[in-house]
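In the two complexes below, subunit A is the common chain; its partner is subunit B in one and subunit C in the other.
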Partner chain A sequence: MAAGDALLLEIRDLGVSFTTDDGMVRAVDGISLVARRGCTLGIVGESGSGKSVATKAVMRLLPANARLDEGSRILLHREEGEIDIAALPARSRELRRLRGGDIGMIFQEPMASFSPVYTVGNQMIEAILEHRDHLERRLGERFDRRSAREHAIRMLERVGMSNPRLRIDQYPHELSGGMRQRAMIAVALSTHPSLLIADEPTTALDVTIQAQILDLMLELQQELGMAMLFITHDMGVIARIAEEMAVMYLGRIVERGPTREIIREPAHPYTRGLLAALPRLDTARRRLTPVPGDIPSPLQRPAGCPFHTRCPRHMPGLCDRILPQDTDLGSGRSVACHLFGEAAS
Partner chain B sequence: MLRFLVQRAIGMVVTMFFVSIMVFVIMELPPGDYADRYAFRKFSGTGVSVTETDIEGIRKQFGLDRPAWERYLTWIGGIVTRFDFGPSFAFETSANAVIGQRAGLTVVLLVGTLLLTYLLSIPIGIYAALRRQSLADYGLTVVSYLGLAIPNFMLALILLYVSVRYFGSTIGGLFSPEFEQAPWSWAKFVDLLKHLFVPAVVLAWSATALQLQTVRATMSDELNKLYVDAARARGLPEWKVIIKYPARLAINPVVSTVGFDANRIFSELPIVALVMSLPELGELLIKSFLDLDMYVAGAILLMLTAIIVFMNFVSDVVLALLDPRIKLEGG
Partner chain C sequence: MTAPPLVEIRNLKVYFGVRGKRMLQKARGYVRAVDDVTLTVRRGETLGLVGESGSGKTTLGRAVLRALPVTAGGIRFHLEDGPVDVLALSGRELRRFRRHMQLIFQDPYASLDPRMTVRDIIAEPLEAPGHLRSKREVDERVREIAARCRLNLEFLRRFPHAFSGGQRQRIGIARALVADPEFVVCDEAVSALDVSIQADILNLLMDLQEELGTTYLFITHDLSVVAQISDRVAVLYLGRLMELGPTAEIFARPMHPYTRALLSAIPRVEAEHRFAPVKLRGEIPDPAHPPQGCRFSTRCPFARERCREEVPAFRELARDRFAACHFAEELAD
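Right after this comes the complex of A and B.
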């Protein structure tokens, strides 16, 4: 395991816009994030907050109508040196080496992320063979078709699949939802990536299975010493898995810092709203307090602070005019809200 | 897999049994029978007066006096045991001899047209889906809809005119004059292919237009599926992602409609054949019905349906091979 504080992924001023029939949609509006080796960074936000788009940008999986800002930087610090993913040509060999090699990714819907017409093993071995060189550097073993299959079986076993020798030749529809997500994790981890991007990996699963998968991911993270970028809309999941978190709203990061601190004492009104909307067993009789209103359409971004349209502490004349900048709260925390900025004091 | 094959094969035989009964009923449907027609042909204008007894005699001679079920059994028995489709009254020979060469030509034209359709529509459909809303996509769509919009006989006439006027070749009929009587040789075979190419293009055009849109639509759907991004996220090269994942599923609807396409081509074949003076089955079918030459008509109907039933069987099997989600048991 590398040093705990070593930088792995550095996102700087990432902006993503989509050209649509209705006009330009600004999905991610200049965010900066840092993921460290062996640590998990959680990104929370509602649908439409841009969290998925931001992580897809890291893998360069955005559709053709998406455009990265000129100054966007996605720096991956590898042992061989750093590389700017944002600057790689779309079909370059370097990019393909990163995808599935240095960076693994798992998706929200385990059923849809496997092709129905190939066996689990087929889709797994394909990835292992594609990253032969990378795995040789990592494990000191060069795989051929047969040893790749053995490696795949070992990985399926490692993620807790019963009877992996049978499972490897089964089709995705023959596995249960939880098993499929385990298989997906096995595929992503079979190439020993240094960064795992998990896009709502537990959202589509039952709560009990969800807990199992989270435990498994934590365990594997420790074992492989990889960093995780964990996207979810579920504060409970974040609290469980991420050391650090960032809260996104309408393409911007409104609050960030150590998870424990933020959950204990949320600063941004939006973060407070998210936490208050969580069902809690000890207050089961009380009604939940949801964040009022809906997330605005990214086609009509509000002026000023993007959250002011729903904010309970909205200050007219300030919040709807001036975009709040990040304010350092100490101990690694920062918030983008006028309540904490110089304007408020 | 074996059980699946046997089940489908049995289903095919059962279907064919019912089809044969239906074909026989159709054969019986036109008013009158060949005895009347024969008497009319032979003796009209000769001054000989034909009595009811004479016609009865002719009827007996052709075996048309026996009850329908008996004639059905003789007919189907001959087909199953000796592959004998019965006599052809009008040509005064067997139905087999009349149909013989035409059947071969029809099958060659059908298979050729199907191949041409799929060779064109699958890659073009995939390409159009990848370049959605580009100039190439729109261009291909326009060209394919032209094929759908222009009636086949019109297209055949245009191609006939163009090839005669500008290329000086005769594409009507099966062979160029110099090969008409020549023994089979490579040159004659090539000449045959040349003559079959134009009707195949005419027939394939509209079928291609339909299938192209099907492939394009399915492919566009599949391209947006998560597993495509998942494959990219595993680091596969783009061409491998496209061919192995979405393209593989985009051909499923094409495979499942092979029987439908065959049927379409059969229905359009007679008109094209008429324009290009090709001796194929559809034209003979119409003629034999007009002549009340029932056994020839029955043989053609039976063969066409048999081919379509068989095509459906093939498409079922291929689909089961392509898509593991199709259960091989039951159904």
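Right after this comes the complex of A and C.
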């Protein structure tokens, strides 16, 4: 079995609801997915798709008004045994050790994950020391303050920071946008996580810097053999970084499979619509094909298939009443659409 | 045949003072946000203006609209009844002139007053001097432009908070076009929208241009959007123009090494496309301390001694194609 086949994260029937002043919002509506060691799963979706909420749930970083469904399972298959993250008590030590230990995280806005009052080095050293048991298992080395500092410098160097011995004693605000993003990656990877969750990590960056950061992430993933969950709204970025992808719409996964296959031949009408709406570089002044209508408010989820209000192939009486289940299309692909389900035949 | 010019920008400079650490201290230096830019926007065209952080693209757009002070240079509008030196206008003259130009913002929500109805928001530019219309004429004009922007006329009595991003941007567009301006600056007008909605707004902008003959200066960081909507593209880097030319030609055969790097860095979905970004050294320099010589020389893979010493001239290298690179001919192919 290739290393890439080793199951690391298994999400089953994940559901997240929010209680708001305007009513109940169903942000994630029963999704299941897997991430494998050494592989990247891209999750693509637009506003309200629930992609960020789903991944925050994996780290149990949801706000107080959010509730996980009873039956949600978030299984992390670690070398030392399987653990269900959904079942851990909210403030448990176990959960704190997982975050930033086995599970690394990077976000769109690096300032959100740094404290402005400590130097980059201080924050890295604290993280390394907090997760020293985990690191001892991974690297066979037990860090003290001094060796943790050396490890932090090595990581800063590895992510392409010039002059890491100087940078380590700087404050986050002293770094440029691209450098901060690199520093955040260094922090996330300094504990050698087996899973890296990246939520729109390059969205705020200029395109030439984005290209550098994507290259770096691919290199580091190969080197460390970690699994990556990469959340983005950008199909081009998904095509670049993820072997497999899942397309989300209003809290559901509507299509999943190998990225190349889906982009070449999308099955779900929403995926087709998304790809057709993309402006392309080689077609100046062509009319685009938008997806008709607006994304519905999460407070008014459509009945049946969530996409039926905008779907050009919507079948009245079916799509607006019955939620389509996943249909296996073979070669690792599946789609949740009545056009492909038994109900259609 | 090229269209006649509408807006001529000549050697435009917009510098911002950088203050010292203490308050009231005199300016210590300048950020040359826009530095010696010469550019003509042709009547009826969409000129795409692209650049990364610190390129000065937004500053250039605002300067042309007289929304911030210009340090040096000239801006001339060629209206039907003759040319106007826009920088020479002031007071009432300037206010009257503003009806010829408008701005569409990135975030339609931030630019809409939440206490005004959609009708009043759209009608606001008609209240500027030089219009003097009756309420009935205003109502009629608002309904006409709202219909053109494919807004539901029922919406006119509502308030903007009830609308989705796409609808809000339609309101913003209707407002910009209600007074029939010749020239509209679109500043990241579709950047905040989801892809499935963005396509609709881009189509609308193209349709309106065909119907009304409006000229757009379309500012964005998104190169695929620019490829979609522009007739010509201008590439800015640290306040200077690097390249200018017809969109299809620039995307097929960029002449400036920066344009080449920029285009190669876009992740694309096309299966036949191999992603091989030009490796650029380092980061975009601080605009307060731009490099000597060519602004791009610190990151350019082809930079030589001359590039670090001498500012390259912005030259016409082929018909209608301009670039500012000492070695553009040599680097071609």
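What we mean here is this: the second predicted complex is superposed on the first by the 343 of 345 C-alpha atoms of A that agree within 3 Å, B and C clash if a C-alpha of one lies under 4 Å from a C-alpha of the other, contacts with A are read in each partner's own complex, and residues count from 1 in each chain.
The working rule: a residue touches a chain if its C-beta (ideal position, glycine included) is under 8 Å from a C-beta of that chain, and two chains touch if they have at least 3 such contacts.
Quantities reported herein were computed from a predicted structural model and do not represent experimental measurements.
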{"item": "Which of subunit B and subunit C A:Leu98 touches, first, second, both or neither", "value": "first"}
{"item": "Contacts of A:Gly30 with subunit B and subunit C, given as first, second, both or neither", "value": "neither"}
{"item": "Subunit B versus subunit C as contact partner of A:Pro302, first or second or both or neither", "value": "neither"}
{"item": "Subunit B versus subunit C as contact partner of A:Arg264, first or second or both or neither", "value": "second"}
{"item": "Interface residues of subunit A shared between complexes with subunit B and subunit C", "value": "none"}
{"item": "Subunit C-touching residues of subunit A, taken from the complex the two chains share", "value": "46-47, 162, 176-179, 206-212, 214-215, 233-237, 239-240, 260, 263-264, 273-291, 294-295, 310"}
{"item": "Sites on subunit C touched by subunit A in the complex", "value": "52-53, 164-167, 194-200, 202-203, 206, 221-225, 227-231, 247-248, 251, 261-271, 275, 277, 280, 282-284"}
{"item": "Residue ranges of subunit A in contact with subunit B within the complex", "value": "56, 59, 61, 91, 96-101, 104-105, 107-109, 112-118, 123, 126-127, 130-131, 171, 173, 184, 187"}
{"item": "Complex contacts: residues of subunit B adjacent to subunit A", "value": "225-227, 229-238, 244-245, 248-249, 322-325"}
